[in-house]
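One structure is given below, encoded as structure tokens.
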Amino acid sequence: MSEHILMQPVSTQSERLRKLRHDVWQANLDLQRHNLVTFTWGNVSAIDRESGLVVIKPSGVAYEDLSADNMVVVDLAGHVVEGDLNPSSDTATHLVLYRTYPHIGGVVHTHSPHATSWAQAGKAIPALGTTHADYFYGSIPCTRPLTNGEIAHDYELNTGVVIVETIAEQDPMAIPGIIVNEHGPFSWGKDAHQAVHNAVVMEVVASMALQTLQINPAVQFINQALLDKHYLRKHGANAYYGQTATNKK
Amino acid sequence: MSEHILMQPVSTQSERLRKLRHDVWQANLDLQRHNLVTFTWGNVSAIDRESGLVVIKPSGVAYEDLSADNMVVVDLAGHVVEGDLNPSSDTATHLVLYRTYPHIGGVVHTHSPHATSWAQAGKAIPALGTTHADYFYGSIPCTRPLTNGEIAHDYELNTGVVIVETIAEQDPMAIPGIIVNEHGPFSWGKDAHQAVHNAVVMEVVASMALQTLQINPAVQFINQALLDKHYLRKHGANAYYGQTATNKK
Amino acid sequence: MSEHILMQPVSTQSERLRKLRHDVWQANLDLQRHNLVTFTWGNVSAIDRESGLVVIKPSGVAYEDLSADNMVVVDLAGHVVEGDLNPSSDTATHLVLYRTYPHIGGVVHTHSPHATSWAQAGKAIPALGTTHADYFYGSIPCTRPLTNGEIAHDYELNTGVVIVETIAEQDPMAIPGIIVNEHGPFSWGKDAHQAVHNAVVMEVVASMALQTLQINPAVQFINQALLDKHYLRKHGANAYYGQTATNKK
Amino acid sequence: MSEHILMQPVSTQSERLRKLRHDVWQANLDLQRHNLVTFTWGNVSAIDRESGLVVIKPSGVAYEDLSADNMVVVDLAGHVVEGDLNPSSDTATHLVLYRTYPHIGGVVHTHSPHATSWAQAGKAIPALGTTHADYFYGSIPCTRPLTNGEIAHDYELNTGVVIVETIAEQDPMAIPGIIVNEHGPFSWGKDAHQAVHNAVVMEVVASMALQTLQINPAVQFINQALLDKHYLRKHGANAYYGQTATNKK
């Protein structure tokens, strides 16, 4: 049982899921508020680690028709536990991330235009400045293309598999996002809210990285010492940005 | 009589036209809501296949002055059947599409800036990622320029003719849009609403395609297997995106 | 006396100026509504041809503080006839246009970012498509740079003089705008409303022209026959766009 | 005692700080209104020169949670004098500017995307037109990168030191902004309001400078005589833009 739980009154699974439905619903609406989505092109999920249940947006439903009640609950194997609607078609990708990385609490996928352009170009988003370094401890990698076999069978599952292959030995919480080749961005965080936050940052740094290269095609990666400084002043034991430990990741 | 009609109470022509006027009016307003138009630079039409009557926006009228009542009704030969205003100056182009392709129920023309830039450049919008593949089963073609003769006589009709010539043997419902050289985008769908939806997608993918080329000038077309996967998970008999058959095209 | 006046009851000069103050005030606000201005970086004027009096925005006043009452009235020599505030610092440029071209009824100057980027680049905005051709019968020219002498003495007057020099033998109503080198766009029309309309079009076509060149650096000017067709279907004796003669310029 | 104070009733320090808290709070909100910030990525401060006290935004607090009351007051050595929250993590940078330049009354730092792209590119924003010249009397310089030693110890202080090193013998009020290498823009002015104003201008000219170079890679700096003309018609003893001396810097 985590320290977090010890500090709070023990809540029942149904109470936790009710809160998670609300959080995931709001996080999906935040995709719109931050101009990350056209039509229904984005989805957010979050996991209740105690029960291993995941709350996710239903597939192809307009944001204005979403509610806490029509969020779908699935288990880590992908079976629908609660809800009358089909879960997001990308559910299998989200579940690979939750099964592989125990610290991930929320996942986001969008087709936000700047990050998606990097995905279509098949290029990692290079770490070029402190805006990037405040959230991502290095370049945001781009996966290899899926093979035809990976596309033909269990496509969404294999999208998750290739993400995990790309992250390899790195800490997924230090670079909380990735670009799926020819497709678009995925991001994550300790919860749904933070996963959306990181999706916004990815879109901003994707836009600025292209402009930076247009101004100076010979630009170098950010100085490693500056990357360290900015990342570590916001994250980890010696962080000093913000007001309290709760501001720190 | 189509299957669709069999499932509903038979409606009179005047009832159908009243509904179609409302739908076309709303679809024209949607062009504004989706930021596709400056001033009056866009028009939407839809057809009632039973009567062969087409409802279309009047020419040069501001969006705020439109109403269901001032939409213009023309027959497939272009004669005004109902309405005191002139129909859109592009009416003849719309009518060529309705006469040639029986599955088209709605047509849109705009000067949306990203798609229009591709038109001015005289280039097809290449299929570079899954966002494109979710709606367009291949690159969005660009017509050849019209000849001086085609411009001098029956210009708007010939715009439709060159669109049909460009589509050639392809299925217009699988790539529901086109770029007219030096001019701008046309899109279509089973109804006015879906034609507008496709116009939005064209604008988004046009913007992302340019950015993608700026990031990686050597970018390749999307892998055909991935194009198939994304198009077919949303369209056709085995689609599994969304909630019900009504979500599928 | 013009035909226009003959068709209306004769109005007094004070009635005409009251209406013009209102129109110019609204046209200045339209610059904001169309996102053409940052802070106070734009001004609109209009002329009452009968009296030769020009109504113009006061200098450096925020748009939210403007009213019909604080518009400034000057004569064609630039003397303030009514108003307690200083007229726009660009007044002398507007007056050159009114003195030189009897058909100009309204003038606009902005620093709208896309058109201004062409000005900073010292390049004419090329006519690349029908959006441009619908309003501008050819490329939108860029003036030569002013000489140091022209800058040192009567700078704003000389800005007008170099505009007139650039237009030369062309019809200013057929290409109702220009790019002043290293500075920004000016546009005009039969009245303040139409001058603003043309300022919006310039900003849109400036943005699309750059994108077009980025997609296809070898792009050619629009086919002259297509330029003719689009310009003339909206302008002149045989125009057929819109509803009535009043829709035509 | 400055002329400004002589013309007003003498106010107590607490009255002045109350007003300054309000001004700084509003100026921080203005960053949002002008679309310069994502999340909490920006901060504004202002100084009361009589007491040497600086009011600054608290660190990492959302804009909607700011109030005049939760602004933080620090002295010029960086000690918190009033307030329960931590001051902005960039406070030490602001303080270097106040200590070095007696005419600076307000300071702004943002990660506004266009100016930040120039910072990431490590390039000064060139003076290419009159929009730039109206506010900045020459190119907006870019600092050298900080050394690893400067990053490791007293990073935020050293950011200020390298800004001062870059400004060197120039007048900071004539070019009221700078680009910090690999980081982002800082701007300043006689008060918080004017510092924000200059931050907006930097973002606009940064955006236009890139577009200008894309249209014409061989573009030259603005003619010095035109730079002089525009800067001096808005600033200094012979300014004639606006309504009164209070419009002039």
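Odds and ends about this structure:
In this document, chain identifiers A, B, C and D correspond to the written order of the chains, with residue numbering beginning at 1 in each.
Just so it is clear, a contact is a pair of C-beta atoms (placed from the backbone, for glycine too) under 8 Å apart; a residue touches a chain by one contact, two chains touch by 3 or more.
As the structure is a computational prediction, the values presented were derived from the model and not from experiment.
At the interface between chain A and chain D, under half of the residue numbers involved are used by both copies, so each side presents largely different positions. Taking only C-alpha atoms, you rotate chain C by 90 degrees to land it on chain D; that is to the nearest 5. In whole angstrom, the spacing between the mean C-alpha positions of chain A and chain B is 34. Inter-chain centre distance (chain B to chain D, centres taken as mean C-alpha positions): 48 Å.
Counting partner chains per residue, chain D has residues 214 touching two or more of them. Interface residues of chain A facing chain D in the complex, by the touch rule stated above, are 128-131, 197, 200-201, 204, 207-209, 211-212, 214-216, 219, 222-223, 225-226, 229, 233, 240-243, 247. Contacts from chain A toward chain B in the complex involve residues 38-39, 41, 58-61, 85-86, 89, 111, 113-114, 116-123, 145-146, 148, 151-152, 155, 182-184, 210, 213-214.
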